[in-house]
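I am attaching a structure below and will ask some questions about it afterwards.
Going by the order they are written in, the chains are A, B, C, D and E; count residues from 1 in each one.
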Amino acid sequence: MRGLSVAVEHRQGAFRLEAAFEAEGGVTALFGRSGSGKTTLINVVGGLLRPERGRVVLDGEMLVDTEARRFVPPHRRRIGYVFQESRLFPHLDVRANLLFGRRLARGTDGISFDDVVDLLGIVPLLARHAAGLSGGERQRVAIGRALLARPRLLLMDEPLAALDVARKAEILPFLERLRDLGIPILYVSHALSEVGRLADRIVVMEDGHVAAAGPVDEVSARLDVAALRSAREAGAILTARVEAHDPGFALTQVVTEAGPLYVPLLERPVGASLRILVSARDVTLSLYPPKGTSALNVLAGHVAEMGAEVAGDPTMEVRLVCGGASLVVRLTRRSLAEMDLHPGTSVYAAVKSVALLD
Amino acid sequence: MRGLSVAVEHRQGAFRLEAAFEAEGGVTALFGRSGSGKTTLINVVGGLLRPERGRVVLDGEMLVDTEARRFVPPHRRRIGYVFQESRLFPHLDVRANLLFGRRLARGTDGISFDDVVDLLGIVPLLARHAAGLSGGERQRVAIGRALLARPRLLLMDEPLAALDVARKAEILPFLERLRDLGIPILYVSHALSEVGRLADRIVVMEDGHVAAAGPVDEVSARLDVAALRSAREAGAILTARVEAHDPGFALTQVVTEAGPLYVPLLERPVGASLRILVSARDVTLSLYPPKGTSALNVLAGHVAEMGAEVAGDPTMEVRLVCGGASLVVRLTRRSLAEMDLHPGTSVYAAVKSVALLD
Amino acid sequence: MTDWLTPDEWAALRLSLLVAATGTLASLPPGIGIAYLLARRRFWGKSMLDMVVHLPLVLPPVVTGYLLLLGFGRRGLFGAWLAEIGIVFSFRWTGAALACAVMGFPLLVRALRLSIEAVDRRLEQAAATLGANPLQVFVRVTLPLILPGVIAGMVLAFAKAMGEFGATITFVSNIPGETQTLPSAIYTLTQIPGGEAGAMRLTLISIIVSMAALLMSELLARGVARRLAA
Amino acid sequence: MTDWLTPDEWAALRLSLLVAATGTLASLPPGIGIAYLLARRRFWGKSMLDMVVHLPLVLPPVVTGYLLLLGFGRRGLFGAWLAEIGIVFSFRWTGAALACAVMGFPLLVRALRLSIEAVDRRLEQAAATLGANPLQVFVRVTLPLILPGVIAGMVLAFAKAMGEFGATITFVSNIPGETQTLPSAIYTLTQIPGGEAGAMRLTLISIIVSMAALLMSELLARGVARRLAA
Amino acid sequence: EAPTVFAAASLKNALDDIAGSYAKEGKPAPKVSYAASNTLAKQIEQGAPADLFFSADLDWMDYLAKKDLIQPDTRVSLLANSIVLIAPKDSKAEVKMGPGLDLTAALGTGKLAMGNVEAVPAGKYGKSALEKLGGWAGVKDRIAQAESVRAALLLVSRGEAPLGIVYATDAAADANVKIVATFPAESHPAIVYPVAITKDSRNPDASALLAYLRGPTAKAAFEKQGFTVLNRSATAAQ
């Protein structure tokens, strides 16, 4: 039985963790506000914290079972961990940090050292000591170190928070490749764009418990999860299939259940499937089919659900159904009134091309 | 003479810092990729690093002058510092951490303790020890600690990177208030949205030197600064004046040089001036005036400058001139071709309302 | 209890406690100062200072005691001079405290130095940016962070003082009620026929005292550790 | 040089170096083990163990020597048993090394313990998640991080061994060429009227040796510190 | 005011007794500092507040006399002791004491325990006795030199050494050793314990105490510990 299954309780001072979730292969995002218990939860999975009660099962192996007094120590779990604060070994140089787990791990499979350092852009750092690295450099080395230990599950605690957007954009496809290589990832993040791009499933934490969990497509379109709403970037994730390539404009046409869309040119064969995030703020609604605009992607649909009005917030969310898929749109209440939108109203959703996966 | 003036050179291993910039009151953003020297530069300003050559002048006081062998030690600079890695005192509880500098600072002015802890949402943490805090909690305490020391300049090294979007949204207005209280801030960030919102001036670092510096409005619209381009969120910052309030829809109408815009309801009197970020990806162009759409804000203008095409990148940036102001728009090359845009083409820019300051 | 110990032995116990406590406490401030210098500063003669601090460890205690006698005795270099300002060590309990302080000094300084070197200097920098001058940084950040080292150093110095007699007896002799500490008394008992039982009894007492000090220090250290724990 | 020292004194110097080095090195592994237990584990009898480790500091050296004799002498508890498997301490240099190891043990253990307590356990956790078992974590992370403590502890133990004679002479006596170490020789000279000059000469030599060891340790420590520096 | 006595540590038993009875007679009980004779002598040299110096051998008394730190006219060689050859109590060793003394057979592969032959008085006496009797050459490389005569006794008592040379006073008090033979008095310099009032003594009670030490009560106490009390005068000792 592949996959991770967690159901634990733990008390830490006044904070109480009581969380249960399941995750199969692929990337599971842990999403939630500061202090909601994300780090605590992955510490339990990684074996750094022994929960007071509960079980953790990975690929059918019982890692923690408090009733049976079973607790597999971290070094026998083969679970990689990229910590929120990098935790590089100060007595080793970057290369030795990277190779620390590599040497301990049996086998020769997995990503190659050269690939990792190239991609993370840390080749010039290899001979340096951990102490002199910048914040972002440290975090990149930490990612490499965890990867090179050939983990069977990777825990990542906000690995990209210290990185600039360009660096993030370089590393994300790499993490995608890991996912595709079959290394499941539990990924803590505040950024729904990262989450949407990488994750198959999402677990939303609120105050120590799981507020919502499930496939990203479903959960991300839910208007009732406060943590998502406040993320402002909430959007919907769609599954897409590559339809055609247009190298001239560096575009690829994909087909989703909501309709055809253009995304930046992908190096995937026609017929390959992928997932895309349509961020709520990247959708503009109009009552008539727009023409002569820079919006490349226009989907026809109708209003399915209206989010709650929040006093003082000029915006609200609306869920559309376009074809067989949901989209979330954030628009001002004023526009809503001017356009006289109600459940059932037919609309055209103009999706800004750059908001799609690049 | 108010303001900060820095012109320094320093070598650190293979890395060479050679940077000069000026900053008056308000917020100056330090923007740049990982490893570009942002932390090194503010360490020089804070007095944690003694540069090999150069000068640092704050409000007319010479803090560093290597030629005159002058070096004012950090504790005499009254420069607050929020570190990238929080650096809370592990032997003190949160309250004592917060009050550490407070007690040393003379005077009674400045922000009140209660205000700070309320706003940062750390009231429940006050009696806790620093060790048990979550990543985001630590960072909030660090911000409070620096603020309470009544600094005359505040250095912030990615203070919000570890925070969730909602928490960020709460803290940003607070930092704005500091700016308005007259405490200048040097603010390192990767997020142009934060930068645009807070900063008056921006200094873009590239590989140890200043690639661009100047008022945010000017620099942010420049298409030639690679660091900005790769941030993807590049946009233009506009100065605006409050024109009217519409409490019903929770909107405020403001007037910019580019034309009138709706923004979420502001608690500022009519006539007050403010600044807004129009993110490049939040603008959709059309050749005809759009109608019946959810885009509340439409500005008329013409194409002024076309950015460079980057091989493999389906998008490119275009600078518009609308009235007396510049806007940056990111659109696909395909749209560009379909719309047949050239410098001089008249266009309508639909600005998604939620992309404005909230 | 009173049957357990002769009056002289009682006096020796009291004196030992006084001497060990005084010696340990008095050596703490200079110990911290020197440990700080050795850990943090580079200066001319640093190796020299380091060596001098370690000397009492390297020298046979008798030699240390003899040097103390030469230096701080009534006719000694500093002794004569200090006597003028009213500080007399020779053949007083203060001399025993000085001997214990000197003998324990290397242990104290090393523990402190090790702790100071382990302090995360970024925390001290943070304190400086909050307006703390170097002294305030030391008192409010460094010192609390090295408390485990302070405790360890004091325990070592105290234990050493409870066991020290070679330098003490050489420097201030073995005068009951004045300079006869517990270890000197034990030593004397080992030198006479039939003294073994008495020596063992006093040794036990000295062990009990040190055990108490040790336990107290462990409790203290545990409290400190809890406060610093991650 | 040869004029400087009599053959017996040469022998004493050589022996002192051998004894101090052997004692220090041999006590390192158990020292690390016990320091680790004391720093990290909670177990029944921990205070007891702590006390036993500190005993040689608390007891007058003569008493320690006496106890060693009782335990490891030819007819001692362990001595008789060890003799059967060929390990003999009495009147051998190995006995002197044992005495030095025991006397330096509390100093070594304290320094190690202090360092172990200062190690950031989050780094050890990180190593565990990378697949290192507890032993590997210790060898590859903890040990390198406590190197400053190892060096400090060894310096203390070595210096102590260079100065120790009370326990040594009581345990294994003072046989020139076999158990007469430098401090024993110095001690003997201090007991002879007019022996001061000779004692001072030997003391100087012992200082020079320790100074060399100290300098070497400082260089080592500086190297280590540079590697760990921020 | 109570006088301060600096006395060799081996005198502790006797002097504690004497101090007790002295105090019972209503006199100020003396304070006695016990340490090695050399230590005490050097302390007196450095101005220690001692009124009486009671040494375990002549050398250190002579040392102070030479430096003019004692009052020569008060000096008395008060006690005498003898040295004996001892063995663990279960030992079968037999030695014929006298000229031509040979300890090698009795030693076997073991060591001869004695006080340091240069520094410790009992060691010095033992060495000269062995030299005089001709046994020195055979054992001189087989000597375990202890830091004090007590430590030498301990080595024999614990069975570490098969033979040892200690004072009769020490041997008598240890049940684990037996006296194999007593060295003839003429085989070594006289083992005497001289006492004198120091030059710096300002204590008027010092001479009274010295007189008491030479008195009958003290004599009994010394003899109880196995010392021989001498009745020679100070000058005679020289």
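Simple rule for what comes next: contacts are C-beta pairs under 8 Å (C-beta built on N, C-alpha and C of every residue); 3 or more make two chains touch, one makes a residue touch a chain.
Everything numeric here is computed off the predicted structure, so don't read it as measured data.
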## Note on the structure
Joint neighbours (subunit A and subunit D) are none
#### Entry: Chain whose Cα centroid lies at the greatest distance from that of subunit D
B
### Centre-of-Cα separation between subunit E and subunit A, whole angstrom
89
## Note on the structure
Cα centre of subunit D to Cα centre of subunit E, whole Å, reads 35
### Message
Taking the mean of the CA coordinates per chain, how far is subunit B from subunit C in Å?
### Response
56
### Query
For subunit B, which residues are shared contacts with two or more other chains?
85
### Task
Two or more other chains in contact with one residue: find those residues in subunit C.
62, 66, 122, 187, 190, 230
#### Entry: Interface hub residues of subunit E, defined as touching at least two other chains
none
### Which pairs of chains touch, using the document's own definition
A-B, A-D, B-C, C-D, C-E, D-E
### Sites on subunit D touched by subunit C in the complex
47, 50-51, 54-63, 66, 106-107, 110-111, 113-115, 117-118, 120-122, 148-149, 152, 155-156, 159-160, 162-163, 165-166, 183, 186-187, 190, 199, 203, 206-207, 210-211, 214-215, 218, 225, 230
### Query
What residues of subunit B sit close enough to touch subunit A in their complex?
12-14, 32-35, 39, 84-85, 124, 128, 132, 134-137, 140, 157-158, 161-167, 169, 190-191, 227, 230-233, 246, 249-251, 262, 264-265, 281-282, 284-288, 290-296, 312-315, 329-337, 339, 350, 352-355, 358
### Task
Could you please specify the touching residues of subunit E with respect to subunit C in the complex?
4, 6, 9-10, 12-13, 31-35, 39-40, 42-43, 46-50, 148, 150, 169-170, 172-174, 225
### Query
Which subunit E residues qualify as touching subunit D in the complex?
36, 38, 41, 59-60, 62-63, 111, 113, 116, 118-120, 143-147, 151, 154-155, 158-160
### Message
Please output the residues of subunit A touching subunit D within their complex, sorted ascending.
### Response
46-48, 73-81, 83, 85, 87, 89-92, 100-101, 104-105, 129, 131, 145-146, 149, 155
